[in-house]
Each structure stands twice: as structure tokens, then as C-alpha cells.
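First the structure, then my questions, so here it is.
Chain lettering (A, B, C, D, E and F) follows the sequence in which the chains are written, and residue indices restart at 1 in each chain.
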Amino acid sequence: MVSRLMSDTFTHFDAQGQAHMVDVSAKSETRRVARAEGRIVMQPSTLARILAGDNKKGDVIGIARIAAIQGAKRTADLIPLCHPIPLTRVTADFVVEGDDTIRCTVTAETVGRTGVEMEALTAVQVGLLTIYDMCKAVDRGMTMEGIRLLEKEGGKSGHWRADAA
Amino acid sequence: MVSRLMSDTFTHFDAQGQAHMVDVSAKSETRRVARAEGRIVMQPSTLARILAGDNKKGDVIGIARIAAIQGAKRTADLIPLCHPIPLTRVTADFVVEGDDTIRCTVTAETVGRTGVEMEALTAVQVGLLTIYDMCKAVDRGMTMEGIRLLEKEGGKSGHWRADAA
Amino acid sequence: MVSRLMSDTFTHFDAQGQAHMVDVSAKSETRRVARAEGRIVMQPSTLARILAGDNKKGDVIGIARIAAIQGAKRTADLIPLCHPIPLTRVTADFVVEGDDTIRCTVTAETVGRTGVEMEALTAVQVGLLTIYDMCKAVDRGMTMEGIRLLEKEGGKSGHWRADAA
Amino acid sequence: MVSRLMSDTFTHFDAQGQAHMVDVSAKSETRRVARAEGRIVMQPSTLARILAGDNKKGDVIGIARIAAIQGAKRTADLIPLCHPIPLTRVTADFVVEGDDTIRCTVTAETVGRTGVEMEALTAVQVGLLTIYDMCKAVDRGMTMEGIRLLEKEGGKSGHWRADAA
Amino acid sequence: MVSRLMSDTFTHFDAQGQAHMVDVSAKSETRRVARAEGRIVMQPSTLARILAGDNKKGDVIGIARIAAIQGAKRTADLIPLCHPIPLTRVTADFVVEGDDTIRCTVTAETVGRTGVEMEALTAVQVGLLTIYDMCKAVDRGMTMEGIRLLEKEGGKSGHWRADAA
Amino acid sequence: MVSRLMSDTFTHFDAQGQAHMVDVSAKSETRRVARAEGRIVMQPSTLARILAGDNKKGDVIGIARIAAIQGAKRTADLIPLCHPIPLTRVTADFVVEGDDTIRCTVTAETVGRTGVEMEALTAVQVGLLTIYDMCKAVDRGMTMEGIRLLEKEGGKSGHWRADAA
């Protein structure tokens, strides 16, 4: 569902179709929050190993959480037209689903002139990639699925919430 | 399907369960290739706009391709236990599927002591995120799906190929 | 022409001649804009190829534009005494002049405590270097010329405009 | 003058006109050197101040040299299709010309599969920009001119030398 | 001495013990300053060489000062849970003590929602490491000692000052 | 103790005293290892909290280990005259000493043309800084001490080992 206030043009291009970093200087500095998620699906035996390590050794999820938070800070380096944003909060949660899936949910926040959707999504991607990296020696077939924005608040376009999946 | 030569331990942890960047100094420098893919699913009207822009203005896919290639070069910065790798090739292809999907496929290559799976996967993620960024003003509900390794060649563990999806 | 309000000392050095990142904490956060330009001169046959590619394949200028925008964001990493600045806008325009020249003009903007002249100049340099990189296989003799600040607005030193070239 | 071995296509695009990081995995690891130059033109009074500072305080040129060397190492981050290259040498020399000009000459070297022209040129640009940054409070009208490759050695295309300026 | 206002919990972990970048969005933007120091101890002959070079050639301390300032800007890249902070001032002073020691003191400042202690400490570390790097060919046994926060001002926890060493 | 083969000049400066990244292109690619250490001294109550968290929540040391490994990869970005080096191994160990100290020891390794002493030392510094960051809310007076090279192997200057502390 597209919000009423959603633009009907690609704002990252000007009238001539040339890419630019859009002007946000006239926007007010407000509190902006975004929440994104994604999951990685693996063999049940791979998940069992991760969970075994979580308590006593080999903390895959703890490392993925750190990577996700650091990834959020690299968003403007990675995504060409993103504004650099002084993040004021990043949290990354990982929950196990069934016997073969880990879901990562990230909340990013700033007090700024533009939103933090990309920061939240980038953090999810880097968190999942880090799990892949640490487990790939035993399971190269892991797949990352359903990476999407869940919710955003703040700014002119207001509150947006994804449909239930 | 797991290769016979696949490890049965998480190599990124030592015997005490502590994370490390694994020792690859004794591995030989060989040609190593990895291919990964992923897709982004959107509203048909969003895809129609992207395609309209591809020829005359607003080249979303051209920008995503550049971001993917640059993303491959940032892999060791993003993924904590990845070795820095002198990439010798990166290509990123984007193809349209049906009326709502763009699939991104990346091939990465090096002549080195360790594989480039993470470089290929990171490039796919950054490529898809860049499409999301440029189109989010019209479609916040886009979802990234099926990000996975397709194939790897070179190194001790040999040739690996994903099952057909 | 030097503005009346221009300093008569090198502000990047203290009274003992030691370099520092100058204190801007007492400056007010105001809208600041800078515009810079530069050009790359090449063989007419090289320019002809670039123009041929612009419409249907091999979009040299489109890639240079992205690199310029990303380069602006890396300014504080590259220039030792630059303050990190949350850019609120970057645009990069490329125009053809005669049969052998491309001119790049960048506008950078922030709402902050210090100006964005270096961001605009760095973006021009990276944009021109990217054109060089993509065309060097056919023309190593390309030269970059006339990289300069055109105009700046905002801050205590006020409006400054370059003399006509 | 274009070398006989110079390509007649833009190698950074494939047959479909899509940008890629070109495959250099089959190239041999050889010693490769590049030399580039550029100059910054300023008011004579600005140059006089720089020279006054060089001995006792405010070492503008010393800082520009460090920035140039560090800039060479960031080339693959800045230029989208550049390969990451393990540089084995970078030197940056600055000489005064007349009463208003500083010329910067950089030599970069590697033992690798592709050349270091871009590293030498990027270092020159960052060196000149750093001089601009440190002197801009007294002279915003400085101009950077004549940034170009002087010479390259090594690799399949052999020795190339610019015409005398 | 621990300030009365000092927290009695590790704020970088939530109630479940999971690391996060703590929420500072409700904190007010105030002027915040931090001062840190550290020293490097070397052979007297090594210090003598550094001092000999300081005036006429081989300016070790000048280069270390630049590296320290640039290091302050990289803090959020290096320290996983640090917020990105728009620094408004960084100074780095180096003084000789006795015949074998250089002490580095850094002052960092921002107008922001969180303090700059880590920026000051990181700058000290990078400054000392740079001295080590430049002198290691003659003295590998140099040791870095006493790296610590000296003072911080601003923010809810107020003024803090280290005990005399 | 200084090795017999240790240089008696500062190799990072040329005959004119100008800094450069020294030429290592003629050096052979050999296996090179470096080991460095440092410690952070804190209040016993701070150490007690860290140890309490290690098992069940708030894994300070696990996060510091990841930061140290990532820090090693950023060395050439931070230290101006360091060569970029393709690290082939990094390990970081943290041990508790007495009731108030954590010692960090890092081993770095490459197969390359120059040593990895700076990578090992940088990793130690970043690891210690990360502990400081996570504990500073309860103990701002922590001090980092004894950061030094323990041992290096490989290259022309051969094996070097620090005197016992």
C-alpha cells in the first residue's frame, strides 16, 4: 500500500533525469525512526550449531549484531545517493524461527533532515551476510529472504507501516 | 547439497570458541571465482518507471550496477572476519523478470589465497539496496529475496554449485 | 579578488604554527552552499566515443556523476584538516564544450557550522578522475584543467564569487 | 600521442555497454610505475606565506605530501571501476614555480596485475586540494591546472610518456 | 574517582545483555569537550633523531599530528558502538619529556548529543602509532604508556577530571 | 635490544627529509608475522562486571576482539606511510591479570613484501579502546599501558623479540 503522501516521481533524479543527492536543507530536523527486517534460511544442522555456540563459544549472533550496527554507520559510503546521517540509535535483534531460520530486525534512529530507512536495511543486510560468512564453511546453500522495511516514522511523509507479510 | 570437502566446523572460531581471521597463509594463490544472485520485488508500476528511465533518463539500474561493484570492494570493511582480497574482476548484471522483479547476478574473481563468495554476495546486497533507495519515494514496500551463492570455483574445496532454485 | 572579510592568516595553524582542525563550535548553523568547476580536455575522437555511449551504452558521464557525488561524501577522509559535514545536497553537471572538453560543475550544500567549498572541489576532482579512468585505455594524454571554486554563500565571510575566467 | 598498443575500445564497458571491473586475472604480476603531475596557481602573496611557513611553522607542503600519499591508498574507494591495488611505493614532490605556482609530482608503484596511473593522479589531486584547503582563508581564487599522467611503465601496453607540455 | 552521576551499568548493553548503539536522540545538543593523553617511550638516541629532524627534515611529529587529527575522524568506523559525531575541533600537541619520551595530548570538541572521549583517545592512539611507525626501523622496542582520558565537559554527567597521575 | 640488521636511518624520509611510502617492490613476498600486546587497567569493580557479563550477557571482550580484528584491516587508512597489506591471519586474545587488568595480545600475518607490526599494534589499540568505550559509563579513569611489539618474523631484518618486560 502506497502512502498518500508518497511521491509519484523518483526524487533521486532531476528534471533532466540526472542523478543527484536531493536537497534536504529546507527540511526540519525531527526525530526519525525506521525498522527493517530480513531472515537467513539454512540447514537445521547449521542452526543447531549456531545455537550450541551461543552460550559457551563461537558466538555467531553476537558478532553479526556488531557487524549490523557498524554496517548502519557505513550506509552513506555504500549507497551512492544517501545523505550522511548522524545516527542516534541502532539496535539489532536476532530471533530463531523454526528449525532453520534466523530473523534479524534492526531499528535505526536519528534527529535529522532525512529518514533512516536505508540505514536500517543496510544493517539487516550486513548482519545476515555476517552470519553467512561465519557458517559458509559448513553450509554454502544458505539463502537470505524477505529483507524489507517494516515501519518508518517522522518527516513529511509521516508514519508508514508495511502490510503484514 | 553440501560438498564432501566442506568443513564440519565453524572455521571462524578457534578451539576455545574465540573468533579469529583464519590463517590462509599456507594456501596457494589460485584463481577463485564466485557467482551470487538476489532479486528485488516491487509494484509493477515501480518497475515500469525504472524501465522507462533506463533509456532516456533516470538510469536506476546503471547506478545500482556501479554501487554493486563498489560494494564488492568494501566487503572486508563490512564483514568482520573477511580477509582483504585484491579483486581482479567484478561484473553485475540486472535482468527483469515478469512485471515486478529485478534479478541481480554478480561474478567476482581474484587470484588469491581465499575465496570471493562474500564479495559476490555483498555486491548483490548493495546493488539491490541501491535500487530500493532510488525507488523508495514511490514504493516503500519493495522486498529483497533469494540472495544466495550460485557457484564457486577454485581453492581446496573445489567447485560448488547451488541446487536449482 | 579577495573578500574584505577574508582572513589574513592561515587559520589551519595555531600561533605556534601547528596544524589543527579549527574550532567552529561557536559558529552558528546556517545554510552554506558552494559551487566549483573543472574540465577535462581530451582528443576529439575520445569525446566522440563518450557521446556515442551516452545514449545507448557505456554511460561514462553517468558513472562520473555518481563518483562525484560519492566523492563529496569522502572529503573529510581525504583532506586532513576538513571538518566532517552532513551534506544536505550534492549535484554534479557535465557539459560538453567544443570538440574536446567536458566541463564538470558541482553544487554542494549543508546546514552547518562551516562551509562546503572542499566538498564541491573534491567532487569535481573525483568526477574528472573517473572520466579519465574510463577513457584512459584509448587516450592517456587527457588533462584536467581549471579546477576552482566558483561561488560560496553562507557563514561569516558571506558571499564570494570568482572573477569571470 | 596514442601508443600503438592502446586499446580502441572503452575497456570498462562490456559488449552490451554495461560497466564492469575488467578482468585482469590472466595478466601477470609485474612491476608497474606511473608518474603524474599537476599544479596550483595562487596569488604571489599566498605563495610567499606558504614559503615563509615551510621552515619554521605552518608546514602546508608537508601536510599536502602526507595527504597525497594517503589519497593514493584511497583510489579504489573513490574511482568506481578501479581495482584495489597493493601499492609498493608512493612519493610526492612539490616544487615552486615562479612567484605564484606549486607543482606536485607523484610517483606510484606496484607489483601487480594492473597499472597505477589512477593512484598517481588521485594523489596529485588530493595533494593540491589539501593546499587549497589550508590556504583558502586567504585566497579562495586559487586554481588547479594541468593535472595529467606523465609516464607509465610496465604491463602489456608498455612504456608511455606524455608529450612535453 | 568516579563521578556521582556516573552510571552503574554498562550502557552499551540492553536488559538482555545485547550490545546496541545507545539511544541519544532525547539528549540535547550541547558543547562537549574531551581531553586525552598518552606517551611513547623510546631509546634516547631515537628521540634525539626525531628532534634533529623536526627543524630541517623528517618531521616525525608534524606527520603524527596530522594522523592524530585524521584518526579522530575515523573513531566511529573503528569503535563498534560509537555514534558518528560531527567534530567541531581537534588539536593534538606533542611535548618532549626527559630524554626518552614524547607525550601527546589531544582535545576534541563537538556540539552534539554525546561526548567525544573516544575521539580524543583514538586520536592519541593513532598519533603515537604513527611515531612508532616512522621510527620502528631504528627502534622496535618503543612502548606506548598511560593512554587515558584527562577531562571531559558537557552533557548530563557534567565535568569530569582525572586524578593527577 | 636492537637487531644488528636494524636500519640506522628513518626510512620513511628520503635524503631531503621528505616523507614517502618506501619502495618495497624489490623485496620478496615472504611469510611475515608480528605479535603485539597492551593492557587496560581499571577499577576492580569494573573488571568484575566485565567478567560477570562474559558468560551470560554483555560480552565486552567478544566485542573488543571483533573490533581488534577489524582495526587491523584499517591500519593503512590510519597510519599515513603504511603500505596496504593483504592480511592472511589475525587473532586477538584477551586474558585477565590480577583483579584490575585485561591484557590483549594480537598476532597478525601476511605473505607479502613488508611486515605487519603496525597491523598488530593497531589491532591492540582498537581492542583496548573498545573495552574503554563499553565500560566508560562506569569507569572513566581506565588507563591503557604497555602497548608494544613482542616479536616479528620474516623479511630481511629477520627475527626480533622484545626483552622480557
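Here is the rule we use: a contact is a pair of C-beta atoms (placed from the backbone, for glycine too) under 8 Å apart; a residue touches a chain by one contact, two chains touch by 3 or more.
Quick caveat, the model's predicted, so the values are computed rather than measured.
K.L.:
By that same contact rule, can you tell me which chains touch subunit B and subunit D alike?
P.N.:
Under the touch definition, subunit B and subunit D have C, F as mutual neighbours.
K.L.:
Taking each chain's centre as the mean of its C-alpha atoms, give the chain farthest from subunit E.
P.N.:
B
K.L.:
Of the pairs E-F, A-C or B-C, which has an interface that repeats that of B-D (more than half of the contact pairs shared)?
P.N.:
A-C
K.L.:
Farthest from subunit F in C-alpha centre terms, which chain would that be?
P.N.:
C
K.L.:
Taking all residue numbers at the subunit A to subunit E contact, is the shared part over half or under half, that is, same or different?
P.N.:
Different: fewer than half of the residue numbers at the subunit A-subunit E interface appear in both copies.
K.L.:
Looking at chain pairs B-C and B-F, which one is connected by more C-beta pairs in contact?
P.N.:
By number of C-beta pairs in contact, B-F is the larger.
K.L.:
From the mean C-alpha coordinate of subunit A to that of subunit B, what's the distance rounded to whole Å?
P.N.:
Going by mean C-alpha positions, subunit A sits 16 Å from subunit B.
K.L.:
Which whole number of Å gives the spacing of the CA centres of subunit B and subunit E?
P.N.:
Using C-alpha averages as centres, the distance is 37 Å.
K.L.:
Please tell me the distance, in whole Å, between the geometric centres of subunit D and subunit F computed from their C-alpha atoms.
P.N.:
Whole-Å distance between the two chain centres: 31.
K.L.:
Taking each residue of subunit E in turn, which ones touch at least two of the other chains?
P.N.:
18-19, 59, 62-63, 66-67, 70, 74, 77, 80-81, 84, 86
K.L.:
Line, ring, star, complete or other: which one describes how these chains touch?
P.N.:
Basically it's none of the tidy shapes, so other.
K.L.:
Okay, what are all the chain pairs that touch?
P.N.:
A-B, A-C, A-E, A-F, B-C, B-D, B-F, C-D, C-E, D-E, D-F, E-F
K.L.:
Quick one: in the complex, what on subunit C touches subunit E?
P.N.:
14, 18-25, 76-77, 80-81, 83-86, 112-113
K.L.:
In their complex, what parts of subunit E are in touch with subunit C?
P.N.:
31, 62, 65-66, 69-70, 72-74, 84, 86-93, 109-111
K.L.:
Can you tell me which positions in subunit B touch subunit A when the two form their complex?
P.N.:
Residue list for subunit B touching subunit A: 1-3, 6-13, 16-19, 38, 43, 49, 53, 56-60, 63, 66-67, 70-71, 74, 77-82, 117-118, 121-122, 125-126, 128-130, 132-149, 152, 160, 162-163.
K.L.:
Over in the complex, which subunit D residues touch subunit E? Could you list them?
P.N.:
59, 62-63, 66-67, 70
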